[in-house]
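The structures come next, written out as structure tokens.
Below are two complexes that have chain A in common, paired first with chain B and then with chain C.
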Partner chain A sequence: MAMPLQEMVTSPDTDPIETPDAKQVAGRSPTQIALERLRHDKVAVVSAAIVVLFVALAILAPVITSLVGVELNAGDPSEDTDAFNFPVIGPPDNGFTWEAPLGLEPGTGDDLLAEWLYGARTSLEVASISTLLSTIIGVALGLVAGFSRGWLDRVISFVIDVFLSFPFLLGALAMAPILLNRFGGDPEALDKAQFFGIIFILTFFSWMGLARLIRGEVLSLREREFVQAARVIGVPTRTVLFKELLPNLIAPIVVSISLSVPAFVTAEAGLAYLGIGLTGRPSWGQTINQASGYFDEYALYLWAPVIGIMLLVIALNLLGDSVRDAFDPKTRR
Partner chain B sequence: MRWKKLGIAATTAAMLSITACGGGGEENTGTDGNDTADNASPTFEEGGDAGGAIDMTRSKGPAPEVEGAQQGGTVTFLATSGLTTMDPTEAYYTNTLAILSQLVTRSLTQYVYDPEANNGEGGSVLIPDIAEKWESNPEYTKWTFTIRDGVRYETGDEVTCDDVAYGIKRSMDRDTFPGGAAYSNEYFKGGDKYSGPYTDGQEYDGVKCNGNELTILMERPFPDMPYWAAFPAIGPIPEGDASNPATYKNHPLATGPYMFGKYEPGISLQLVRNPEWDPATDPGRHQYVDEWDMKFTEDQSKLEQTLLSDSGEAQTTVTDESLSPSAFRTATQDSPERIDTGTTPCTYMFAPDYRKITDINIRKAIGWAYPYEDAAKASGSIVGVTRQFGTTLLPPGIPGRLQYDVLGNEGSQTDPEKAKALLEEAGAVGYEIKWPYIKGDELQEAGKDEIVSALEEAGFKASPVAVGVNQYSDFRADPNSPINVRAFGWCSDWPSGGSWFPPLLKSGGSNNYAFFEEKDVDNRINKILEMPVKDQPAAWGELDKYIFETYYPGPVYGYLGVATMHGSKIGGMKVSEVFGEPTLADIYITE
Partner chain C sequence: MIGYILRRLVSAVLVVIATSMIVFLLFTLGPSDPAQRLCSADRCTEERRALIHQSLGLDKPVVEQYLTWAKGVFVGRDVSYGPGFSVDCPAPCLGISYINKEPVFPTLMERFPATISIALGGFMYLIVGVIIGVLAARRRGTSTDRGLVASTLIISAIPYYLVALLAYLYLVLKWGIFSETSYVPLTEDPIGWAGALALPWLVLTVYFCVTYARFSRGSMIESLSEDYVRTARAMGVSESKVVAKHALRAAVVPVITIFGIDFATLLAGTVFTEAIFGINGIGRTALASITQGDLPIISATVLIGSVFIVIANLLVDIIYSFLDPRVRLS
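Take a look at the complex of A and B:
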């Protein structure tokens, strides 16, 4: 229907003053509008660039380490550390060296650049998988609860309430010894179990917010005319959910994702810092925990993971804010 | 005795947290902070008699003044470890023993730090305390202690011989005091039957008082009785409600220079001057400071920062914790004079299960494969200071200790090639080594990583077993755990081979983590125990060498050392090699 109109409008004879902008607006979805807004948001662009950089560093960790010539866990304490267990090359006692750009870990002599890069990998892996899983669970349960009236809604809402009442830290604390007892005899299996255990704990305690949000949205949407109309003409429930409702929920979902990724990054580091997170693989939280006693003597050891987390979380948060602003029809700049 | 009870954070000393162990004499191996860098492999001489020395002539109080000592002030004592029971009968950790016996409760004998001992290097000497003198029959089966007059409790009541007898009877109660040392039951007459005044009443004929003469009868010869008599358990405890086990641990009656003030169990303890303590009756202790303000379960890095900053209250602060390598480094650069190093009578061993790893070549291969220095450094020890290397089971300072080196690696060299050759000889390349470690303790995990890579390099298959910190002790002690190597530490209760071989390497020994079992060795141990006392030290030294040369139970991976620190206004602080704790009774504050 729009086509003929557009053709008429673009005709130079009829209305030469009409700007090209007006034509594009007519043809864009809310998502396109949001993306367009994001492109013009300097903060969003910078944040996105930082996030992309981190993702690239994490994905390319093996390539970068082999390019620089460093390796994970390759330290030899008696060769690489002095009488006080401090590194014999690089900071803090010697100048910068390409052999160890971020220095060596005191005690073990392991390379800290490799630890940092693989730590970024761990952080982003855990955060993105947890976000994906919690979003899927949250959206699915929110949709079902909001759309079905009666007992199913009440059951799901009750489950959400129950989950909200579990203390997150207690769950994480309780899981660590369970995994240890089950997989203690097999270090590799234990490391895997810990990795998936962390993802499980983070997912388990974080889908409820989104589920509630989606349920509320669906409650109001399902009474709208286009949904009513679809049901009247006999569109199957599944199609109504996925074709009619879900597209209208893109905005809250995207916003939720963009805010939960940084939350998971900090949660993963926090758990590792407390000693109940990942131990078998490099993690920023772990490094911070180990480095906290070295701040006076060897500040870089602590700064590297702290700056890593800070930059990544700030960038993700700012990006999340921008995404929310961009999707919110009420904001105008 | 047991090494300090750990707080929430487990440290490398965790391995020692359940060792029943004790005080021994030991030479200071020249580790005064500055020269440690060059002192990676200290040379040990055959043990002298420091700490093992008994000087009964020093029975007259008051104790000789510490040079430069002054009166007054409050000392702050910080520790990361918690504080277990303070009931003198049950105290068995190095920190509770040190606080009780040096400051609060007196016993029959006591250790004092003598700067002249051990050829001027300084060391501990056992001297009289509540007992003025003692003697035994030639068979060491009947000991008589003469109790001193004029010793009073903080309440003003006189300490009588009967109070000491009551304390000794109390020390035989294993049901009420399961955590205490069991020597009374082991050696005293009928000790296996009598179980203390709370269950069996006062009727016990092993301990008798005749005026001031306290007589203890033995079930079997006990030449080391004067050492056991230095434990707070062998001291006066008043009868009746005053010493109710449920409450006495919150306020043991002081006979020493300080008494309990405000006490929050496990968290903080305030000690104030005991006005009833008479220096004329005490040949060993001093009462220089007005008050002790002790805080436990502190954060290690906070504690280190406090001491390094040395401002305000920190100037009058002491600690009994070893510094981390990082803080130790700062301290050696900024204020080496405030570092106190010392040794403890504690040995670490990476012990193969003798029932499972039966081939001596495999055990020797483990000895060559073990990454002595790497593992020590990665797990946060300072080589040459808090970890010293050696090859003998007896740590330096135990009388009779004989130097030998079965592998020829000086206790610190790793050689994967030699290990591999031995494995090939045994036809066991790829042999699986399974040992437990504490999961969640980064330092232990870092040490474990070093051991894994060293073992794999030597041709073993390394399978560490992750265990939680709370299950670790039980898991390791369980003979049926699916592991074939156990790392452990052991400290002696007093400087004698008799507190090493019977518990560690005799069939069914109480702490035989190696599950070592050889009839030949059992017989030799029994034979030595029956020898005249003066011949025993040399015989223990020979036995140490004989066992390792003949059977090589496994590698000794070092001895525990202490490197601690005090504030700039603290004087008189040394590390007593008996406990590996500061000499609290000698500490004073300078202006």
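Take a look at the complex of A and C:
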């Protein structure tokens, strides 16, 4: 992520000359400075550690479940639950057991640890794919709109306005019944359609903010000398866009990514809670919806996914805030 | 000024038209067949479904279907489900429910007061948030201020629906601090109305006011350092007057803009609020329609929701252009 040479020349104040131990003036890009500041930010380090832990749990979900000896959807209502539909082993009626560390699901007898781990997986999968796609769309449209100006800019800006007046929750409301109507008969196809549908809806209704931001940045950057110089010496437009402009947009892009991931985790679980998200695979929101009926007798059933979402989203948000501060030149110390 | 308002009005209408096209396309071209919904395979013959298909106009070109639908919004139309069965749908006609075969718009209008009542909480969190923000700005740097900034970070990082759900489960069901009452219209029983909405309002206010407290704190700190505030102080104007009359007036402008932009969040907040607290508003009706596959109700909800967002954005832009002359000129 090397910055263009021109940027180094125009902003010499990025060198930390004031620090006494910096005998030699070292050239550091704004990205390096931001990373350096993040390393010294305690909140950021702790949040990042929590996020890494969740990612590891999600990736290793199959390994962990087989190590503990639990399995997804392996419950047998006649064997694992009693006459009141409550699990025969583990909480809430019996003590802790390694056979089911988080207990079994009332009614079905499915293992809740496996469901929790795969729920984390679903959550992070949906959030990261949606973030990637919406970032690509936002950056591409923002670059094109800001650089082209004229009619193309006006068209893209209008499309941004249209999408901003159509929040994702309404989009999800619209999509859920269509998928259900179409794929209702085939659970496997429905699950696939819902998974890609959620990603589609989240992506479709979340690229606008970044596109607007990038467009504004490009509008001012394109008037700068290094862009004009590149165009004068005949650098092709594509190279100007990706080699000259894009490296200067790293800060807003990174900040946008770090704030979209928690928003998508929240959104995915929220939709699942409302019953218009994923229904075919484990999702924390779905577990919360089912568990809220048992919150009093079987608090662990509800609280395991609640704490999962809270911890992950708070860590991601605080990390995002730290990233924003680290990349913000105004807070430069 | 008038030119600016007209321009914004035209673009708002264009956005509404574009949104209605998207909604229409989604539901007509979307992978679902209304005829199948109206008359499932075990009750209907293939020919009968084809007849329904034809009389709904689904065999015609999409543009023609859209124009028929759009005309119905303004002058009303008859929706026909095959020979000998048609429903009169007066303007604004947003379709006929597949389930009870009644026009969708009046059904939704019945549910509307409940949704608006919840959204009233939005104004409360705005007011509470601004008050807290102003107080924090005046005590800038103290432990109260730092505590506020830290708590805003944490509270706004938790998803809203978790806060609402846990508040409902524990405060209502477990500890009984708030009684479990269902929504009654304001005109019937004002006390019952406020009683049923007390907890939803409280949760909305506590959750969302922290964001506005943070915004107004920042904006207030900025305006308190302006020259005219120093001048007012130098002239011997009392501190409370300086804060309330001079600084706040300038500080509140950007906060109100954010409130307008945030309208979509409030709308999403009411959907979750209705679902969690069991209030029969528009959002809950739409959610219930999903399991029944009642597409016209859902498409009408989506359309009405986006029209509201457009109107909110338009109002904010116009109010803003009155408050800040620079906007009009750009």
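Here is the rule we use: the second predicted complex is superposed on the first by the 306 of 333 C-alpha atoms of A that agree within 3 Å, B and C clash if a C-alpha of one lies under 4 Å from a C-alpha of the other, contacts with A are read in each partner's own complex, and residues count from 1 in each chain.
By definition in this document, a contact is a pair of C-beta atoms (placed from the backbone, for glycine too) under 8 Å apart; a residue touches a chain by one contact, two chains touch by 3 or more.
Bear in mind that the values here come from a model prediction, so they are computed numbers and not experimental data.
Looking at the shared chain after the overlay, A:P262 reaches chain C, while chain B stays out of its contact range. By the touch criterion defined above, A:T122 lies against neither chain B nor chain C after alignment on the C-alpha atoms of chain A. Once the two complexes are overlaid on the shared chain, A:P177 sits against chain B and chain C alike.
In the superposition on chain A, contact is made by A:L190 with chain B only, not with chain C. Within the superposed three-chain model, A:T135 lies out of touch with both chain B and chain C [touch as defined at top]. Of the two partner chains placed by superposition, chain B and chain C are both touched by A:G275.
In the superposition on chain A, A:D161 makes contact with chain C only, not with chain B. Of the two partner chains, both chain B and chain C are touched by A:D296. Chain A residues 176-177, 180-181, 275-276, 292, 296 lie at the interface with chain B in one structure and with chain C in the other.
Residue ranges on chain A touching chain B, taken from their complex, read 73, 76-78, 81-86, 106-108, 176-177, 180-181, 183-187, 190, 275-276, 279, 286, 289-290, 292-294, 296-298. Taken together, the chain C residues at the contact with chain A in this complex read 11, 14-16, 18-19, 22-23, 26-27, 30-33, 36-37, 153-154, 156-159, 161-162, 165-166, 169-170, 173-174, 264-265, 267-268, 271-272, 275, 286-287, 289-291, 293-295, 298-299, 301-302, 305-306, 309-310, 313. Of all the residues in chain B, the ones that touch chain A in their complex are 36-37, 40, 300-301, 304-305, 308, 324-330, 332, 373-380, 382-384, 434, 439-440, 442-443, 445-446, 449-450, 463-468, 471, 482. Contact residues on chain A toward chain C in their complex (touch as defined above): 158, 161-162, 164-167, 169-171, 173-182, 262, 266, 269-270, 273-276, 288, 292, 295-296, 302, 306, 309-310, 313-314, 317-318, 321.
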